[in-house]
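Chain naming follows the written order as A, B, C, D and E, and within any one chain the residues start at number 1.
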Amino acid sequence: MKKVLAIAAGSVLAACGGGDSTEVSGDPFCQAVLPRVAAYMEQARSQHPTPSDPRYGGTVVIGSIGEVADGLNSAISADHSSTQHQQFVGLMTLVNYDAQLNAQPYLAESWEISEDGRAITFHIRQDVYWHDGERTDANDVAFTYEVVTDPLTAFPNAAFWDHYVKEPEGVEVIDDFTVRISLEPHSEFLDPFRTLGILPEHLLRDVPHDQLAQHPFGEQCPVGNGPFVFVEHRSQDRWVFEANPAFPAALGGRPFVDRYVYRIIPEQTTLLTELLTENIDVYLAPRPDQAQQILDDPNLELLAYTFRNYVFVGWNSRKPQLSDARVRRAITMATNREEIVQAILLGYGTVANSGVPPFHWAYDDENVPTLAYDPTAARALLDEAGWRDRDGDGVRESADGTRLSFSIKYNTGNQQRQDVAEIMQAQLAQVGIEARPQVVEWATLLQQINTPTLRDFDGVVMGWVTEFKLNDMDLFHSARIDQPYAWVGTHNPEIDRLLEQLSVTVDREEAKEVWREYQAAIVEEQPYTYFYFPDRLDGVNRRVRGAVMDARGEWLNIKDWYIDPASR
Amino acid sequence: MTRPVRGDAPRAEPAPPPTGRAAIDRNGPPLLEVRDLAKHFPVRRGSFGRVRAHVRAVDGVSFDLWRGETLGLVGESGCGKSTTGRALLRLIEPTGGDVRFDGQDVRALDRTGLRALRRRMQIVFQDPVGSLNPRLSVGAMLEEVLTVHGLGLPNRRDRAVELLERVGLSADHIDRYPHEFSGGQRQRLGIARALSVEPDFLVLDEPVSALDVSVQAQVINLLQDLQAELGLTYLFIAHDLAVVEHVSDRVAVMYLGRIVELAEASALYAEARHPYTRSLLSAVPRPDPVGRASRSRIVLEGDVPSPIDPPSGCPFHPRCPHPAKDASCRGIVPGLEGRAESGRGGERVGHFVACHHPYHGTPAP
Amino acid sequence: MADTMAASTTARARARGGRRLSAFLPGAPQLAAGRWGAGGLALLVWLGCLWVLVARLARVVEALGGSWDERLALATLVAALATVWGWSWWDAGRAEGPRRVGVSQWDLAVRAFSKNRTAVAGLMVIVVLYLIALLTPLLAPHDPALQGDLISERYVGLSGAHPLGTDQFARDVLSRLLYGARISLLIGFVSVGISVTIGTLLGAIAGFMGGILDGIIMRVVDMVISFPQLVLLITIIALFEPSIFLIVAVLGLTLWPGTARIVRGEVLTLREREFVQAATALGYSKRRIILRHLIPNALAPVIVAATLGIGNTIVLEAGLSFLGLGVQPPTPSWGTMVADGRNVLLNAWWLSTFPGLAIVFTVLSFNLVGDGLRDALDPRLRS
Amino acid sequence: MTKYLLRRLLGAVPLVLGIATIVFFAVNLAPGDPTLYFLSPGMTQEVVEQTRINFGLDQPVHVRYARWLGAMLTGDFGYSFSHSRPVLDVLADFLPNTLLLSACALGVAFFFGILVGTYQAVRQYSLSDSAFSVVLLFFYSMPSFWLALMLILTLSLFARNVWEWPIWFPASGMTSTEYDFLSFGGQVRDRIAHLVLPTLSLALVLTAGIARYMRGSMLEVIRQDYVRTARAKGLSERVVVFKHALRNALLPIITLVGLYIPVLFGGTVFIETIFAWPGMGRTIVEAINTRDYPLVMAGSFFFASMVVAANLIADVLYAVVDPRIRYE
Amino acid sequence: MTQHEAAGAAKSAAKSAAKSAASSAATAAANSAAPSAAQSAARSAANSAAQSTEVEPLLAVRDLRAWFLTDQGVAKAVDGISFAVREGETLGIVGESGCGKTVTSLAILGLLPNPPARLMDGSSVSFRGQELVGAEEKRLRALRGNEISMIFQEPMSSLNPVFTVGDQIAETLRLHRRMDRKAAHGEAVRLLDEVGIPEPGRRVDEYPHQLSGGMRQRVMIAMAIACAPKLLIADEPTTALDVTIQAQILELLAELRRAHGMAVMLITHDLGVVAEVCDRVIVMYAGQIVESGTVEDIFVRPAHPYTRGLLASLPSVGTPGRRLASIPGTVPSPLHWPEGCRFRARCPSAGEGCERAQELVALGDGRAARCWRVGT
């Protein structure tokens, strides 16, 4: 289960620690590396001439509001566009998912799991070269594993390695192209290797792990082994990549497009204009209310698909108004979530009942109970829980006079969350609940809700982006109640039990049943009022052909995109 | 001296008093004693800048003034005459010297003392536009003074009207604003304001210089009438020699922050002893076309030097046309010396001149 | 001579007629006399308020026992009607009496100002705007926070039920625009009020006292002025929690240096003016000199700056809204409305266009009035 | 002159230090913990603590202030939390872009402002005078982000897609994606095309202010005695206006440079965001939003210092142009 | 009159003036001696006493009316004045502030700002037979600073602060004498020397603020005489100066007039200055000429009550103590000149007959006064 807008947790020793000699200078590294890349590419181009297929050539431009925050430095990133570039553009991961979310070979040709399920052995392809000419081998994999499991690195998705044996003993290089990793048996154990781009050991081995975050490798001169070769990064402006002619033919060979440009355009109206004026080919994640413009333009198409994030309101069960699960259920039932999906997302979304996204194999909307919109039932439930409007002011009170009144916090500048809070306020008022939307600056809000001793909120509108390996441990397990993310303070033995079981159940069919139970328990407990899984939208110019985008990401098959030769 | 023959005098205000003015009693102590008054303005750069030099605007001025007397202070622009007038009232803090008003040390006064003093000493300014607060009506302006000093009770408005009438304006004017008056009327308002505290002594700082000739005469007459009626003492500052001669009992001529000559008006104009006074007098154009051919005029060379860096010795020596100019003029600052005239009162009345080689006798026509 | 007498007699007769007319149509006699600015404004306010009274009678009656802002609106309505009627009666009658003596600088400024057509038009817009802002509870067709049916009534274009359309929550844009006027005008007015007060006092003290105090105040002014104001605003507002109070306070506390500079400059020249010296010579206290003789004379450019400042502040608030730092929802302000609506400019153009135009015309009015005041208050420019 | 310059420079030092202090405390006294921004769930408490120490946020505020000031004086502005690079490197990326845009806007604004203002003054009270005033005020009254969006919609989107004009301008970025493959002339044209909209958005507001000021200044000058003297010499009206009057009317305009630089920098916050211009204004807002304290402090500090520098330059320029000051 | 009508009238005035200027120029070209032109000029200004029948005057002003159309109404600043300046003479125009003397001088060279100022129908200014009212701007420019030049009251503000004095003098020379930069600079040095500025070679490259008031006025004079004008209009040239400097400047002007044989029109409010330097004098009051004559006539035998009052109210060196005779009241505003005799309200001898507008009454020998009493 992974995160919010988390950015690099780099350590900035040199700046504040008073040290004088530890300063990392980007220039020498880049100056050494970039010519080598250029030379190798020169050679590679002559060795691998472009096939005479009309699909080869052209530039594809993707526009988005945000930077590729961490570039190709996979050891420090959790950010969506960064990991996507690491998986599909510049670097390679050991495995890939197919449409059914089953692992497929990628950098790893094949793999075996030991009998006892405590070791996994990867066999690495032998035809993959770093863009400076070095071959990618088992040492790179081992190096990457060591780096990300070292706490000094502060790998943001450290929870990946919960059931793995940490470095250095957890990884073993058997030969140049074989590597074994030790683990405890658990579900979805391949998922981390789908996300983690392998790093070049020969370039980074001398860098202290706590300084990787400041290393110029990530953003200034990344050297990858993927289908695209880094050319240029202008901060807050663009990334430029070109096709890697030496990309293994077995994996499809060089990409069709000559160049791929990622542009950062922070204003969405500008982005839409650029898409409409055909200055960019892909507009990543337009707003739902911009969809119609894209649909109206014959040159453009709109791709819409369910994604891995969801929006919810978390309820602080430590508060007397919200400690009773019946009240939380009543709140959810008094909220017309279907209408909210229509209103805020214009229908581009799915109502959520738990954190399991619709495309996921564990998703089951038939057998999992839902709390449908039913104000009458909500009122009855509140009456039953002892909340009645005793003084006739339209707001319910408990027997001891506590008003059923609370704030709903959301962060500055997030339109959708603000909308949720506003609509909730209007709808809860109908059943005698007073909800007060309250905006808080992002860092302050995080402090208020994350600090275990503080938990200064009643309700909070938030969102999570999940990985394919779902894991709610941090959120709802009572053992984690003093960890930052146990905002709501759930203390439910049933949920604890199911969470523990889920984390070690390897078989999907078996797991699916546990998931069903778990979701039913969550619906009963209602730690969150789950709102929706918004659809991911992408505006794409029709001259771009062959693009497949789904929950796995926009860049999924970027190497197979080609530009309609007629409109080049 | 040939005088132009004039036609009928236009309809005059009350008939002129038969002879000059009432005799001044100089037996008692002077009302105002000024000794070595100095004001040096620092020349600074920037808000916290260091002082780079001093403008020696007033550089050791001494004179006495008796009750009911008018002392004229003349000189060219920048000679320090206005600064002198303001330093007397401590509108500008003097940097040196002594000022005694009616025996009181003016420079030693604290805030309350100063406030009391300002009921007895007032000033009238040159600029009839700038000297009145444009946002206050005449009534408000006069009543404010009365309020501040607790005067004119019970009815301040009546007192204000009285003041207006005294300076030749009428009760109709009381609700008007300064911009609704002509230059001469505004000067009358300035006088009324000064009179409102019933002072003994007025500094008149170029009171008629900005006025047209016909109006100038009205104001001069008013000032003389008030002096006669109220027994006021005037320090009359002006650059117009004719006006000064007309109104003053005694006249002091200033040059570069110093008094160069001080005498009874008649004596000074008839037989000026300082070369500067003589050139000044000869430079005044006279409304006398008939005599112009025969007049000899001393035209001074060059300009007045800067008071930041005055010449050594006699400040006038670089421009002095005196044939006897010599090394002592360049080296030694001449003191204001002269003969006290006996029989007319105090010691300091007489013909004083600050020159190493003063002239004697009447100048050529 | 005879001519002028005849003219004044007819003027008097006309004035008597004017009084009768003014009883029914305040402003009409002034309009007839060619004073289209004052007359037009009076007539506009009169008819407008009457219209509110008639068309929204039910709401008016309701307001009698309503919330405080409904009662405030009611009081405003009554006060506006009374003021206009009373003024017109008094003014129409004034022509009968003797010519007033004593025309102050302000009177002159008013005369000069009323000759400036664009400025008078701007002033009319502003007066009407403030009136609308106060009367909003009576005027607005809907509750600005009331959400309609989210499925069928969202993004409805201009229609009878919603003259300016609806927004993403099916709220009435016109109502929100009217309520937004309150917030925007309030922010402009209050923050400029704060900054002008602080600036005038500090400027006057710095100018009059001089010396170290002047040095310190002016160094602070230099520092604050050197700051790109917007960056400072963003820093403070973003790091603390945005609220109307914070926005007003921060705007008020960062905009004063301009005023302080102006006032100090004025005071420095005024201090040398002879009437101030005369005041000193008359034994007035420093306090009296500053408050009664310096500040009133230094006020003209401050009034101009304040007028222009209100306009600037409204634009600034809009800018902050663009960054998500403006007035927070559901409270509508023009700035947030423009900023929120910009994303749907192409399919629901009315969302940001109307508040945008409201800002432009309001600020334009303030600027026109400011320019007009500048010309009217500067005696040098008065011909 | 050298002494004057030196004195002005020395005078600017306490000013800049004062500004640095304001910046520091405005940023550091705000509630909220910036480290939380850079952390993810699952991180151990030790990592959190280590990060806080790394950021230097474990110290009391006065110690941090002293350290920051000390480091700053040696030219060390620390590391950007979010860019993970020395702050100076980050600034070096963005500052030139902002300066380019600001310089263009300032140039355009002054050129047209002076031209229009002079024209208005010479034709005072004419129809074109009032028309210019109202039109310029109209732009002046517009929130700059709205103006920018309108320009994008009209001169970029509608011009191309709806009205099909032969000329339309790119809505974002400093260069096209194919910039590197263009000829030199093409590169120049490409850069100019990208500059047009942001420059226009920034400059229109300033133009209005400058024209207004210039009009006033010119009206003042044109009444002066020496202009009458120039006419009495028999000079043509063109020479009178553009030689004798303009030069004097321009003097107070020079000080406007110092006054408008902060306005300009403030404007870049919006303009750079909307036109995706990789500059300081946008970066600083992002830094504020991500609580990148070192970058916020250094960025504001540089902005303010440039304003101080601009004021200084304006004053020196004034002294150069105005002989009355030059020879003092 | 409403503004509209006034504007219309002024427009037609300008048109007809242009026409008459063209025709008079044609006549002047036809007969270069132009005695008929002089005669017709004399006829048209029959009641102008300042008229010479012997020689053609250098400058003839006839019925000049310069009105200002302001918001408050029409200010008739100059309201029908006629006079002539002969070659080589010094004519003084004297009067109190607001009497219209400066407007007259500016009107001659067409330097009045229009709007608000208008030269009304029938106004005529002819310089050496050439009509200037309504003349093409280009022709006026050729005259300005060349054949007619001006100096003004404030030497500080009349010099452009941002150019060196040398540049400002040379500009005139380069414009009218077509000198090159170097020659003009050399000539500027010579001119500075001529007007008595010490070290002209150094001063030529200085800026106005570096000079004293007296020197600035000398620079103005140098600029004015650069092209050896026939007529120098000096508008209050010494008012802003101290007495000793005033004496220097008056001396210099007298010298230059002798040396260059130019006519000087001296405008001042200082009767003393007039008495010192002028040959003939015009006294103005309320936009009109009230008296004209030789300097002796005016000062020794003033005819008009205003002139007499003015002289009587002058304190004079050598006559202390006497109570001054003052003229009561104040100068009326040009917006509301009094009906009838404009001096009536302040006149000691006003009475029956003064309620009608006064004409200039010729008294012989070129003298005239605007008072019905003097003729009788």
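Criterion: a contact is a pair of C-beta atoms (placed from the backbone, for glycine too) under 8 Å apart; a residue touches a chain by one contact, two chains touch by 3 or more.
Just so it is clear, the structure is predicted and the values come from calculations on it, not from any experiment.
Asks: Please report the minimal path length, in steps, between chain A and chain E on the chain touch graph.
Replies: Tracing touching chains, the least step count from chain A to chain E comes to 2.
Asks: Provide the labels of all chains in contact with chain B and in contact with chain D.
Replies: C, E
Asks: Tell me the fewest steps from chain A to chain B, where a step is a jump to a chain it touches.
Replies: Steps on the shortest route: 2.
Asks: Which chain wins if you rank chains by how close their C-alpha centre is to the centre of all protein C-alpha atoms?
Replies: D
Asks: Could you tell me which pair, C-D or B-E, is linked by more C-beta pairs in contact?
Replies: B-E
Asks: On a C-alpha centroid basis, what's the spacing between chain A and chain D, in Å?
Replies: 38
Asks: Between chain D and chain E, what's the gap in Å when you average each chain's C-alpha atoms?
Replies: Inter-chain centre distance comes to 53 Å.
Asks: Once you find the CA centre of chain A and the CA centre of chain C, what distance in Å lies between them?
Replies: Measuring from centre to centre gives 50 Å for this pair.
Asks: Counting only residues that touch at least two other chains, what does the list for chain A look like?
Replies: Residues 269, 413, 441, 444.
Asks: Got the chain C residues that touch at least 2 other chains?
Replies: 238-240, 323, 342, 345-346
Asks: Give me the residues of chain B that touch two or more other chains.
Replies: Residues: none.
Asks: Sort out for me which residues of chain D touch chain C in the complex.
Replies: Within the complex, chain D contacts chain C at residues 14-15, 18-19, 22-23, 26-27, 30-32, 130, 133-134, 137-138, 140-146, 149, 153, 212, 261-263, 265-267, 269-270, 281, 284-285, 288-289, 291, 296, 299-300, 303-304, 307-308, 311.
Asks: Quick check: in the complex, which residue numbers of chain B touch chain C?
Replies: For chain B paired with chain C, touching residues are 47-48, 86, 89, 91, 114-115, 118-119, 121-123, 125-127, 130-135, 137, 144-145, 148-149, 172, 175-177, 179-180, 190, 193-194, 197.
Asks: Which chain A residues qualify as touching chain C in the complex?
Replies: Interface residues on chain A, with respect to chain C: 268-269, 272, 287, 289-290, 292-293, 339-340, 342-344, 412-413, 415, 418-419, 422-423, 425-426, 437, 439-441, 444.
Asks: Which chain C residues qualify as touching chain B in the complex?
Replies: My answer: residues 101-106, 108, 214-215, 218, 273-275, 277-284, 288, 292-293, 296-297, 379.
Asks: For the complex, give me every residue of chain B touching chain E.
Replies: Within the complex, chain B contacts chain E at residues 1, 3-13, 16-17, 19-21, 76-77, 182-185, 212-218, 220-221, 224, 239-243, 245-247, 265-266, 269, 279-290, 292, 297, 299-300, 303-304.
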